[in-house]
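So, here come the structures, one by one.
Two complexes are shown next, each including subunit A; its partner changes from subunit B in the first to subunit C in the second.
After this line comes the complex of A and B, so read on.
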């Protein structure tokens, strides 16, 4: 098992390298670039534009840009920093293993002679705000995790219950109703549902829920700031209730649109299990219906469902772009959209790279979990 | 070996004590999109305590559905049990008792062994779990004791080092081992009746012989009755006392194994036996029953075997034959040859069958 995990992690490294190259290439070949944000600004002269390109290294061919972003080579081409510090002195120091913003540094300066680039735990700066990309991502991760975790737990819980019940009572009224609900949920665009919910619950009529955001900014400082945590310490109940109120609509949106597919999947899987020979054997043994369904059939039906859930875990990090945008949720999805709109390539690359890492890890996690529940799988 | 099948008692009254299982006028059909398929169409038979009965017939003849109906494992709907159908087991009519009571009989008094040992065992539980589960359920013993009994059952079916094997999963065993496990599961509660539905069909030939030998030993040791369902006449010859031959959901012939295999009286049985390849017939063409099994939606109007029967005459298209006494005592055959109208044709037909069979062949228990 350990060997298998190590091998899979090792395999993930070339995959992630491939991802960085492809995403970087796509962005490089796409029309426009970080300088496009000046396109409609008459005060930006060509000279200023050139200076901007040079300052961000955008005047270089894309392989050079890529290597600098990754940290393979020193970005300061004119005055390369070559460290003459002895390697061994630095390695035991744990601080050397962290980049400037606290992310893992795979190539400490004494070895590589430089300190910026992804491999040094440095995702660069946002063109838009000038902040560390890693800090921006870290700040957006918590809201996304809160939203996604609530949505994921609720929708998977409901989908499993619904699917299993529908499979046991196949063609019953409940099953038919669940089928209709699933089709409607499938067909309904997320943005439409979100806007309708805002219209109904946050509109002038009812006006019982906030239309967007994560906290009430009139009551509390912006989420994630130091002032906010101070406020959270002072008024924990109020703060949690406030976030809870803001969570209802986006969570409901995510649950409705995602429950459909998953409940159908669980139903199909359960139906298949119920038709297996071993279920007939269990009945022939004289087991009561409950034991047959919930022990013999359900355990088998959950195997494919578990894989499916494993593949949904990255959602916890990557977030739901459309839902976060509609409800102005300050998460990764919102960050991604903002970065895309503003040609903020460093932020975009950071988000894409971390998302891919999470996807790769979640796949591994699903495979490992599978070995625990299915005795036929051995690694 | 001259013992005959007892004639079913009139509907409603329980059969005599020595009859363990009595099926009366059993009809099971399935509602499908195109209509109703009669899978079992009015069959009656009985089985005494400790005896063995074989049901033979080709795929779709209703053998398995008969067994599943006895166990009440047919889903209703789409299944429909015909009115007047009765299954008497050990003094109780199974089709009318509540499901809860039926569950106490399943696995406890009647155990069933299925055809596919791989898919019939649950892949995510150890075989010990699966056997002990049944023991604990019916014998109301502690977990520990159930587990010990599971080990004992596995030892009984000849699996080496049972203490280690109980902790294994079905996928860690070969097909023959899995079928042994199924048998161990079947006998774990010492049932009065063991139903084996094609127990050797999914196994390769060398293993088949071992499993049959095991079933026979187990049956003799536990003195349970055995209902063996198979399409293999060779298996029947070795294993059972009495035989029922089924065709399109009906019994076409019944009698002792010697009667049915050595002196078949129904043309369908004759055809079946003639079509078995033998060493003596090597090099010649295999004899076949011409035509195909009729579709259940489009059965012949009277005798269902008539279109394929070499001995048919006009009566067979007009009047549906019943089971008539034929040949030796107790033997029954569904054919007009054994009515007064068929008197003149009977002898030539039997002669023709004799000619078709080569001398010195067939089912001596010498194999």
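After this line comes the complex of A and C, so read on.
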């Protein structure tokens, strides 16, 4: 088991490495860049533009930029590229691979003397706001986590109840209705459902719920700021209620869209379990139906459901991008959209790498949890 | 593609089956005549009511998408009353069954019909790109095995670990420029991974079968074995998951365009029609976002129904 986990973790490292290369390539090959926001500004002279590019290291070819971003190359070296040979134009200067202390730059800070680059836990600064990328992501992660956690708990709960009930009462009216609901929910674009909900509950008719945001900005400072936490300390009940009110619509949107697929999955899994020999045996022994359903069938039916949940968790964080945009929820999704709009490369790279890590970790956890819960699986 | 397939199947088989049924009464032995895989599949598909309904809806939508803009009294780029802009749109009425938008007073039905063209085109053609790449990668990996297989599958692992929606957004923003073809390619390039895994696993099992061994023994070249002997046997699962890709890409494109990173508003899609609508929601103009979204739901439902029907039809365990 330990061996298996270690092997899986070891496999995850090259995958994440590949993720950074692919995402960096997409950004590197794209026409334009962070400097394109100056394109229509007549007051930005070429000189200013070049100074900007140099300051952000964007004047270098992409392998050097990538090398610095990762932390393989030391950004303080004067000539990071071996430039006399045109073919080797893009190859980083070997001197740049060494940190200030003379040891390779990618080693931990005490040895290499450098703290730059992702390998040292440094994601750089946002081109747009100048803040630390890691701080921006950390600040956006909390709202996303709150939204995702509430949605996940509610939707899994409802999906399991619906799926099990539909499986036990197969082909009943409820089962048929749940099937129709699943089909429609599966076909419904999240953002469209969000818009329609905003119209119904926040539109001119009812107007009982806020249309977007996480807190009422008229009552409290923006979420995440120090002033907000001071306010939170003063008025905890009011603050929680305020967030709760803003949570209703986005959580409802996520729940409706995700229940559809999951309740079908639970139903199929439960039906399979109910058809097993051990269930027939339990019934033949004369056990009461309830005990058979909930002890024998349900527990076994939950195994694949568990794995499925593990695989869905990362999509909560990336899938919430849609919901967050509609409801202007100040989370990872909104951060990504803003960064995309402004060509904010460091933020984009940070978000993409971290969300890929979440995907890889969730896959790993799902596999390990499955191996842990199901004694039949051996490695 | 699904449709073409079905049409092809329909043309070649229905008449045959009817003729055979007639002759069966006269001559008992005709019953021994065997049906091809597609004939069997079509027979099962026809009994799947929802699948037929889905096929009907899809056919109607495609017809509307092709013919609709031709029948409309004015071009998409013509603004009916360019000199008047209004603060609020007008609700559905007899002359404008889907209502009118605020601002430039465009007819929503006209927008939706024009949007069908681009949205369906993007959904189906990006699926074709994805399926082609996926099938090629999967068959090479599954047939060749060894180092190549390992390399390709690791690339698939990496691509599957990416938060695809994020990446598509970024790519659409940086490369898209509002161009329909670029969006098609971006969606195609990011939707092949599932197919390639599927095709690889199918190849791994099929290549061990006797008929492949026989073909190899007679000296058939690798390329011919891949495309003529193995691929046709892997056809049905590919078609089924292709239908899922169509549905996913239509929704995905709508979202990307909704955010303003996708197709530019000069070529309407269901997504970018929605993008202006959000600001009119507080005014109560529900018809503007409602109808394009409804069109998306209808399309995705139809595609999923057809996909389900195909899965049952191709499944040898289900009975006709």
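What we mean here is this: the second predicted complex is superposed on the first by the 342 of 379 C-alpha atoms of A that agree within 3 Å, B and C clash if a C-alpha of one lies under 4 Å from a C-alpha of the other, contacts with A are read in each partner's own complex, and residues count from 1 in each chain.
Rule of thumb we're sticking to: a contact is a pair of C-beta atoms (placed from the backbone, for glycine too) under 8 Å apart; a residue touches a chain by one contact, two chains touch by 3 or more.
Given the structure is predicted, the values throughout are model-derived calculations rather than measurements.
Peer 1: If you stack the two complexes on chain A, which partner ends up touching A:164: first (subunit B), second (subunit C), both, or neither?
Peer 2: Neither subunit B nor subunit C is touched by A:164.
Peer 1: Taking the superposition as given, does A:349 touch the first partner, subunit B, the second, subunit C, both, or neither?
Peer 2: neither
Peer 1: For A:152, is the partner it touches subunit B (first), subunit C (second), both, or none of the two (neither)?
Peer 2: In the superposition, A:152 contacts neither subunit B nor subunit C.
Peer 1: Return the chain, subunit B or subunit C, that is in touch with more residues of subunit A.
Peer 2: Of the two chains, more subunit A residues are contacted by C.
Peer 1: Determine, under the contact definition given at the top, whether A:285 touches first (subunit B), second (subunit C), both, or neither.
Peer 2: First partner only, subunit B.
Peer 1: Using the touch definition from the top, say if A:309 reaches subunit B (first), subunit C (second), both or neither.
Peer 2: A:309: touches no partner chain.
Peer 1: For the complex, which residues does subunit C have touching subunit A?
Peer 2: 154-155, 157-167, 169-171, 173-175, 247, 251, 254-255, 258-259, 261, 274, 277-278, 281-284, 286, 289-290, 293, 296-298, 300-301, 304-305
Peer 1: Which positions of subunit A touch subunit C when the two form their complex?
Peer 2: Those in contact with subunit C are residues 14-16, 18-19, 22-23, 26-27, 29-32, 183-184, 186-192, 195-196, 198-199, 202-205, 211, 314, 317-319, 321-322, 325-326, 336-337, 340-341, 343, 348, 351-352, 355-356, 359-360, 363.
Peer 1: Within their complex, state which residues of subunit B touch subunit A.
Peer 2: 71, 73, 100, 103-108, 111-112, 114, 116, 119-126, 133-134, 137-138, 169, 171, 182, 185
Peer 1: Any idea which subunit A residues touch subunit B in the complex?
Peer 2: 276-278, 280-288, 296, 299-300, 303, 373-376
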